[in-house]
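Each of the next two complexes has chain A plus one other chain: chain B in the first, chain C in the second.
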Partner chain A sequence: MSDTSKIYKQIQTAITIHKRDFRITVFGPIIYIMSTISITIGIVIIRNYLSYIESNGLYPMPDLFSFPYRWVIILTGVYLAFSAVVAIARERESGAMELLFYGPVDNVSYVIGKYSAQLTVYCLLIILYLICFFIISNIAGVQIPASFFMMMLLSLFTGAYLISVGVFVSTISKSVRSATLVFLTLIASTLLIQASQAWLSNIAPESDYYNPVLLLQQLLGWVQVVLTWLSPFSYLNYGVNEMLRGNMVAFLRVVGLSFVFCMTFIVSSIIGLKIRGVRQ
Partner chain B sequence: MISTRNLTKTYPEVEAVKQVTLNVRAGEVYGFLGPNGAGKSTTMAMLLGLIKPTSGELSLFGTSLQDDYFAIKNAIGVVGENPYFFDEMTAWEFLSFHADIFMMESKENRINELMETVGLRQYANIRPSEYSRGMRQKLSFVRALLHKPDLLMLDEPVSGLDPHGIRQIRGLIEEQKKSGTTIFISSHILSEIERTADRIAIMHKGKLLVEDNLDGLRYSVDQSVRVNVEVANVPESLSRVLSEIPHIVDHNIDGQHIEIRLDASLDYRAELSSAITASGATIIGMETRKASLEETFMTFTDDNVIGLSKGEVQ
Partner chain C sequence: MRKFIAAILLLSFGLMGMDTNVHTVAAETHDDDKRDLPGLVDKTEKREEFVYGVNAYNGTLYQGVFHPPSVDTVYLLADTINIISPRKTLIYYWAVTNEYKADFDSMNEDLPGTLEIRLNGNLVLTVEPTDYVIQYPEGITQGAAEVYLGGAAQRKYGEWEEALKAYRLDVSEYYEASRNWRTELTDRVQSGEVTSEDDVLVSQPMRPADFLYSSTKVFRGVPLKLPSGQYDIQMRNDEGKIVADSVKKLVVFQSDRVGVGYTVIPEDKWTTPEQTYNPEEMLYVRSNNTLYLEPFFESEYNEQYFTHLEAPQAPNFVNSDWKWVKEENFKISGSSRWRRSGDAADVTFIGERRPGRHINDEGIAYDMQIIERSMIQDSIEFEDYMVRQNPGKALGYEILEAMEGLSQGMRDRAPDFSAFQIIVRRSLQDLDVNLQGDDGVILGGSGRTVDVVRRTGSTNLFLASILPVALGIVMVGYRRYSLKVHREKLASASIENS
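Presenting the complex of A and B:
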């Protein structure tokens, strides 16, 4: 079989798997519950900002929408990545993955099909969020800045990166439980380290010598440096901040790095599935 | 059709499959037997590309999975031991999804035709999770046959089925055999293999002990044929007469019943009949009893006689 024919078959198979998974996600209730929660959180943050503006007459941030949008994106991305984790790990655990591999499904078409289904849902949700933010901006009488669209572009890559991490974790995990545990630990520790580092950096240590706060600040600072290079959340924050500062080179670098990491995790998932096999 | 040479799978704690060399010919029904833990499922998984062999070679349709993965997979239909389904799909959607995986054109007709054949047409819009075990197994068969495969690989296809279900599945297998499909069946239900298989392989503790047709297997374990003769007017000289016939290995006279073990290399029944009649006895009935597959299988896999298989049999 020629390489072209093989690639064609891989694409066709991936499309079939994609359609099935997309249908499962879209016809299930959880995606709607999750997106409603995400957008509600976004609305609450915006409402608080507007109340603050009303009572103080001041803009709390350079862009009213960037912070709530970041939260919406993080929640959505994490959910869809988690959804990919569960879907793949459950398929392996139940034997459904083996069933697929009885037929002309290989690790490339399987990973691409699964990944693209979640990514498509994510893209559709971003469009939905854009509509919601437009409605909110009209109601609030605050115009959405042009930078918001750049942030949307960045969020596409952030979500793509997050979902690829989820797919990777599930392809190498033994069971739903272990995959869930690994993924949630990864996400929770990343968010916790970032939040702790931000909190600790605001505490001034009383003494320079043998101060545990200082030590912790330094330690978390080093971890934060590593996370800045790895965490999709860091890329989102860093990219948005650079964009708001008008540093487009740094912004594009973040977009590029997110894409590279995303591709790295997809390729790792394909290799991981090949090594790990389809059996429980 | 299927060919392996020194196929081996080693896990850190155990050597699951040890240098298995087997050949499945086109158009035949190949029974793959072995007790639990013999390495049958591991061998099947390697044949299907689900597990990578540690060493050895395997080819399907004369080529390896690495060389022509999609063409080979398109030509195989598999019924696994456990019928897996997707919870969210009805039976029809499940089959339709698989037809898409195989890029089938005009899938509707084929699905309806097969569902009708196995009597599931009226249950097509029900989720398989609501099916009985037998119905699920039949649905697995339909899935495996959807794309008209040249090779059917069946892992315990009738396990857990009631006699009616077994009969239906047997009918499907026979139909496929008639249409020229090569069938590889792994099963514990020896009577089913005995009925359907052209050739049989027996695995034990990771080794392929023997690969032959049923008569060949029987001959491997016992070079004699048991003949039960019922006679009237048994003369005293009958025992001596029987002892003098060179092809009789052993005999036992119990009243009017004589149990004789004859050399199985040729059919000596006519000669036996003449000798008994000549002794003055009257033959009322004669029955030849061959060792069943179960007896043959037990002999092969029995640890007490396993020395037989260490090198000599294969």
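Presenting the complex of A and C:
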């Protein structure tokens, strides 16, 4: 078989897997339940801001929708990455993956098909959230600044990176249980470290001169330094902050790095699947 | 699973390794050998050490700090004169503030020699200590600081001493005149010559204006004005040897951004204003509200660098952020119809245009430009305001324009604040505001958007979350319906076949 026809066949297979997974996701109820929960959490945060503005009279901040949107999109990204983990690991555990690989499916088309299905759903959800934020903007009379659209663009890349991590974890894991455990530990620890670091740095020291949480702050600070280069959540926060500062070079760097890491994890998933094999 | 456990173990070992580093970091905030540990020594034990005394410019004034041997990096602002003074002094650990203190009263020896500055290992500058004096002709925090070096330092210090003497003489004369005036007034009142309040006010002696002109003594130090960069410094004594503990890193930095911040004073609670630092930040406000925007000039610095410029012994940050630093207030221009006593008649600004330190160097006054729905509205003038407390026990106040306050008898008071007044009406759309000079140029970094937020109930907001639910119902319903139709077709086909 020539290389061109092989690639063509791989693309066809990837499209078939993509369509199948996409249909399963969009015609199932879970994605809507999850997106409703995400947007509800976002609205609660916005409601909190609006209540403050109502009582205080004013609130200076770069973008009222920035923080709620980040929460919404992080929850969505985590869910989609997790569903990729479960879908791939379950197909391996049930033997469905082995069955597929007896046919025209190979590791490249399988990984790309699975990944692109989740990414498409993610893109559609971003559009859905945009409509929701437009509705909120109209109801509350809050302007959507240009920076919001830039943040959406960035979240597309960081979300793509997060989903690729999920695909990678599932391709190298033995079972659904281990894949779930590894992925959730990874995500929970990353978010926990980031949240703890933010929380600790905001603790006002009891004394002006002694800081009882100095060691913890520094320890988490060092971990955070590492995460800043690896975590998609850190990329999102850092990229948004730098964009709001007008540092578009840093913003583009984050976009570029997210893309590079995303590609790295997809390639690693393809290689990982080949090494790990399709059997349980 | 085993691999997962192995990964956790590996992570634990990694953290244990990291913990060792963290201890090292924490130790840096104290000192690097055992004799310096606060728990092991007499808390007031003093020892002779080489230190760098530094007069570091922080964008507003000169901050006097010292760097004990435990601090390995000196931070300075770029392109401004900073003074580094190599000294031998007594230092001691002060547990109350968790830092080393210097006893300059007991020992304050100037060290002769030269300060060497290296960039990437190459010697770029050698400077000897010289006399210097730092003065604030308009008063500390009121105007620009001036540094005089060498012979000029002695001369300027002499001028300051003369000015101080003259002021003391004026004050003495004023008290003398006041005594005489009171005696004379008492006599006139007793003899019935005083008939009105004006008789008293006209003849009252004038108190001399406060003496704001401020100066340090003449000290010796090394003046440095360097471009931003990471340098190494060391002190070489007259014998050509490097002085112990004098080798340090020198970080010279500049602001990353400059702009105009605002203190936003809501009319209904003028004592609890909010600050907005970030240029292009949104001001989310309630409708039917009056705001007073008091501009100030600001610069954004690396937080780690700026904090250590002002407090060299502060712990190091692992994650350094950016920090806006408030500088001088925007003062009413000389052409204003109101001028407060003691205020310099200038308006300082920073931004994309930075021709001089004082706006009055160019004679430009600024108004606030308002843009509503892309239409330029009438500009708002910078005005002085007075706050009048309501009489009686009930709390309450009103904010008046200064001229109105004057007309209502508040003669003995200076205005409480100067600001641009924005009235946010219910019908108002979002506003873009910025400072525009009378030459038509917008002041860089002064723009803000005032976003008038609508009063809305929670129920309305949560309507948005119905969208995914509705979409879900449609999609899942369609799927079920199409499956049902498909099954029915299959069933009818199988019946037909049978």
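Here are some notes:
By definition in this document, the second predicted complex is superposed on the first by the 267 of 280 C-alpha atoms of A that agree within 3 Å, B and C clash if a C-alpha of one lies under 4 Å from a C-alpha of the other, contacts with A are read in each partner's own complex, and residues count from 1 in each chain.
What we mean here is this: a contact is a pair of C-beta atoms (placed from the backbone, for glycine too) under 8 Å apart; a residue touches a chain by one contact, two chains touch by 3 or more.
Computed from a prediction, not measured in an experiment: that's the story for all the values here.
Overlay on chain A: chain B and chain C fit together in the combined arrangement. Contact with neither chain B nor chain C is seen for A:Arg253 once the two complexes are overlaid on the shared chain. Applying the stated contact rule after C-alpha superposition, one finds that A:Arg47 touches chain C and leaves chain B untouched. Note on the composite model: angle chain B-chain A-chain C, taken at the C-alpha centres, equals 160°, rounded to the nearest 10. Of the two partner chains, chain B is the only one touched by A:Val278; chain C is not. Between chain B and chain C, C touches the greater number of residues of chain A. When the two complexes are overlaid on their common chain A, residue A:Gln217 makes contact with chain C while staying clear of chain B.
Once both complexes are placed on a shared chain A, the shortest Cα to Cα gap between chain B and chain C comes to 5 Å.
In the superposition on chain A, the residues of chain A contacting both chain B and chain C are 27. Looking at the complex, you find that chain C touches chain A at residues 1, 3-4, 7, 18-19, 21-22, 25-26, 29, 96-99, 257, 264, 266, 268-269, 274-276, 278-286, 289, 291, 315-319, 322, 430, 448-449, 451-456, 458, 460-465, 467-469, 471-473, 475-476, 478-479. Taken in their complex, chain A has these residues touching chain C: 26-29, 31-33, 35-36, 39-40, 43, 46-47, 49-50, 53-54, 56-64, 128, 131-133, 135-136, 139-143, 145, 174, 177-178, 181-182, 185, 197, 201, 208-211, 214-215, 217-219, 221-225, 228, 244-246. The touching residues of chain B, counted against chain A in their complex, run 45, 48-52, 67-71, 73-74, 76, 78, 80, 82, 84-86, 88, 97-98, 100-103, 144.
For chain A in complex with chain B, the residues that touch the partner chain are 1, 5-6, 9, 12-13, 16-17, 19-20, 24, 27, 94-96, 98-106, 277-279.
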